[in-house]
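In the two complexes that follow, chain A is the common piece, with chain B as its partner first and chain C second.
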Partner chain A sequence: MRAYTPKDDVQKKSYYTDRFWVAPQVAKSEVSDDAVFAADLEAIKAKFDVLDAYIQVEQMVVVINANDNYAVLELLKNDREYTQLSEMSAIDWLAQEGKFEIFYQILSMAKRKRIRIKCKIDEKEAIQSVEKLFRSADWSEREMYDMFGVVVNNHPFMKRILMPEDWEGFPLRKTYPLQGDEFAAWYEVDRIFGKEAREIIGPENRDPARIDRYDTKRFSRLGHEVPFGADISQGEPDTPLVYQEQEGVFMIDKFDAEKSVVISDRHR
Partner chain B sequence: MAQHQVNYLKDGGLPVALTTIDKVVNWGRSNSIWALTYGLACCGIEMMASGASRYDFDRFGTIFRASPRQAELMVVAGTLTKKHAEFIRRLYDQMTEPKWVISMGSCANTGGMFNTYATVQGVDRVIPVDLYLPGCAPRPETLQYAVMMLQQKIRKEPASRAQKPKRLM
Partner chain C sequence: MQQSNRLRPFFENITFDRVDNEMILNFGPQHPSAHGQLRLMLHMQQEQITKAHPDIGYLHRGMEKMAENMIYNEFMPTTDRMDYIASSSNNYGFALAVEKLIGLDVPRRAKVIRMLLLEVNRLMSHLFWLATTALDIGAMTVFLYAFREREYLMDLVEDYCGARLTHAAIRIGGVPLDLPDNFMADLRKFLDKLPENIKDYEDLLDKNRVWLMRMENVGVISKEMALSWGCSGVMLRASGVEWDIRKEEPYELYDEVEFNVPVSDKGDNYARYKLYMAEMRESAKILYQVADMYEGTSTELMAHAPQYISAPKLDIMTQNYALMQHFVLVTQGMRPPVGEVYIPTESPKGELGYYINSQGGPYPYRLKLRAPSFWHTGILTDLLPGHYIPDVVSIIGTTNIVFGEVDR
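The block that comes next holds the complex of A and B.
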């Protein structure tokens, strides 16, 4: 029998969730199936510990110790022709394992092969920068720090890249709420007007479906526009769409269909 | 006698127009609304289309300026992120009085579909807005209508007195 998991909150979610969904796993195969990858793996294994290695979707995945990340990538770049770092980032497994997974996606244009190097670090642990090897790691590592709070050692410019520099919290962590925490909710108010303006400006409206029929500060009905903040609980007058004031505008002639001329010869 | 009465308030054939200072000033203001280019997202494309030849904002006297010192209308076209909020406020403060703001599109009005930590939930949390323009994205005709509504609003305001400064708070 399937282990019981509480499903109380399913009704409260605004989106569809399939409670019986199981994350599909792409089939893995042995590294020895591919001669090129097998040779690369041998080269890594000769110098470093390899925790796991397999082929998935025609790419070799190698799990190594986090301390070896720079040396392994250096080996692959200089000796094994993997000259490009196409992508790198972190994955938040803090809830499941208490660790971040760091992955480096590298590409060899000569061999037409891709390898993914993976390693795991603790939440408070730092990782060695690979910016000296791959210039593309510069911004990727900054983004990793910005979004996950993974500190990178020996990085030339370890600052946030997407969020403001005085931001608190790391938005891509699973524990970070999508609509932001207390700090995020008041960020622009605190920054521009100061904390004392919070009461005057008020909290954000985070309910996109909120409609108040008689609220004339936030809502208006086309054809029934009234002044800002007017009381319409007794009904509101019709206001047909007009492009100009009824009495006309100073020094501007109003269009009159009677006086207009239809040009029959457009080349005249 | 009565046949030769002259209506002195009419021009009487002379090249003279009698009016009030308010109307003259407002006529000038409402027909030369120079807008600050503020395209933040896809609404900016519609704003650019409004300025280009097919929809032709120039005939309203609306000319896009790249400097807040030369602009009196700010069309906030697109998603305002929290990181950017302080800059929009600074640019708004740099605009000279009188100044107006059109909030263009759902994102600028309420945050729109971006109900997230990084988006300001409506630019009216940061700067005072005169006109909210619904749509995602509003078509250029909608922006034109908004400018015409703004012209009507300007004509209603007293021009001869100092404008009441708009304050968010």
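The block that comes next holds the complex of A and C.
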């Protein structure tokens, strides 16, 4: 029987992991270690549920409920001087727990501090847009929708941004293969020539490293030269290599060692 | 059929749904001054833009997806293809993020070389910006001048790493090579001449009437708008926010060098132009100081961390365990600890950030590239309405967007 390979995460896996390997952790410290972060966290805790909070690599991470995302960011922006949303996106945890994790990376220029607000939502759940607070979320949320299929409520223009509008599937999900799925392989053929041309053209080669053993149009092999486009699937003639030194074809017709000049300076 | 005696134009196949004056104009994606593959859908009333809708994704290669399927060192050359005008700064941002994740400290000589590369890249990028923007506006001479100087810098980088555009000149844990013998002398020769060159550009442009008309009070970004749109770098500093990550959250040796952060509160194209020129002078200042730091540093180039970083070539060739370790690190890849980091750096374009979520495997679980140009393109939605067609070109020019970075 063939070994079962799970289809919920088709990304590359390491081919060998030591049985006794225990991955170390990036150090986390208490929020109370940093006075500025502690004050910010208190302000959040006063109004909202905080599921977890810690400092990792000099930045505070606060885990909140997904419903509070707008209100928490509003509080941090208006009262705590976190004026810029540098980045936001999602992480796919569907295989592990059926959830998306969404993070908002915000920056306070006055305090020189960065906070990451995180929350989790279910696969089919939508999240509230923060575009009203930070205009930069307009494009970030579109990108998140495009890549993960996370729907954002109250967004002014919830359309794909990087992929074509009629694309199917969400490329950054773990279930989406690196080389693209079946839809991707036929996308250009269908759009440009129509579905009826599928048999003539064939699916797109989406693996740039693929080499076809019998393709004599794009690949050549030294020592096995055959005419362009020849069919070699039934075997190929061997081309014997004879070098110049072994009395093969001489590269230069009329070579006279006496008259030749060796150039020492290439810029002369 | 066209009737020659009718004055009103007659189109056979086109029916007009509306009879107002609005016209939708497609700018790009193959427009030479769109600086790459930008498509702008512009709603026009006569010559004036009422609505702008930037459409991106023509250069999308799925780098974040690729990163999830590559070991960390494998991804380094891919970062070159983001901001290909200054590729070492992308390499550096990624290397720094992974080093923070692991908790590595880099030898001092590697830091000095990295600083040199970063600032040379900043100069290259700013010169390229000046050249292309000036060309868009019609100043051909400035384009030729600036490309001449950029060529010199590219030769300099070529001397160091062999590549001119996609450098891959930085490794996780240090740098691969020491500086070649002539590097410092060549660099100093260039820097000594740079003030004259910058003065030449400014003489040509500063009081140039055409340049001023195209630049002054065009594309004004208010402070609030810049903050709200996540602008960074010159786009932010031209709008009156004094924020340079090199200064505020110093990395590498930026806390040991002296430089100023030029700021303007005008927010228009001309302010951004002046800031680019001022930043070039500051970069030269930094380069002089860093060049002096090189002397006397010990010769180590890569951090010593056998679990993550391969040993120097000499050790690999002479010592069995170093070779074994190298083999494991190349075939399986390093496994950083479980955790996540977001590390911002000040690239020539703005805040270049790498968010890495590691689950202890040799492949990042999630890698998010925070490229500044993405939002500098997005801001066109709000910035362009009210402007006229020729302004579009100069505004796109001064936002300094690179599409390798926007689409990733």
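Here is the rule we use: the second predicted complex is superposed on the first by the 182 of 268 C-alpha atoms of A that agree within 3 Å, B and C clash if a C-alpha of one lies under 4 Å from a C-alpha of the other, contacts with A are read in each partner's own complex, and residues count from 1 in each chain.
By our rule, contacts are C-beta pairs under 8 Å (C-beta built on N, C-alpha and C of every residue); 3 or more make two chains touch, one makes a residue touch a chain.
Worth saying up front: this structure is predicted, and the values here are computed from it rather than measured.
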Which superposed partner A:263 touches (first chain B, second chain C, both, neither): neither
Touched partner set for A:46, first chain B, second chain C, both or neither: neither
First (chain B), second (chain C), both or neither touched by A:193: first
Which of chain B and chain C A:35 touches, first, second, both or neither: neither
Chain C versus chain B, contacts on chain A by residue: C
Partner chain(s) touched by A:251 [first = chain B, second = chain C, both, neither]: first
Which of chain B and chain C A:1 touches, first, second, both or neither: neither
Chain B versus chain C as contact partner of A:86, first or second or both or neither: second
Which superposed partner A:243 touches (first chain B, second chain C, both, neither): first
Which superposed partner A:211 touches (first chain B, second chain C, both, neither): neither
Common interface positions of chain A, toward chain B and toward chain C: 163-164, 171, 176, 178
Contact set on chain A toward chain C in their complex: 11-16, 21, 23-28, 56-57, 59, 61, 83-87, 89, 91-92, 103, 105, 109, 112, 114, 116, 134-136, 138-139, 147, 160-164, 171-172, 176, 178
Residue ranges of chain C touching chain A (in the complex, touch as defined): 56-57, 60, 62, 64-66, 68-70, 100-101, 103, 225, 227-230, 232, 241, 243, 248-249, 332-333, 335, 337-344, 351, 353, 355, 357-363, 365-366, 368, 370, 374-375, 378-379, 381-382, 407
Contact footprint of chain A on chain B as seen in their complex: 17, 19, 23-24, 26-27, 31, 82-83, 85-86, 89, 110-111, 115-118, 120-122, 125-126, 145, 148, 152, 155, 168-169
In the complex with chain B, residue positions of chain A that touch it: 163-164, 171, 176-181, 184, 187-189, 191-193, 197, 200-201, 204-206, 208, 242-245, 249-252
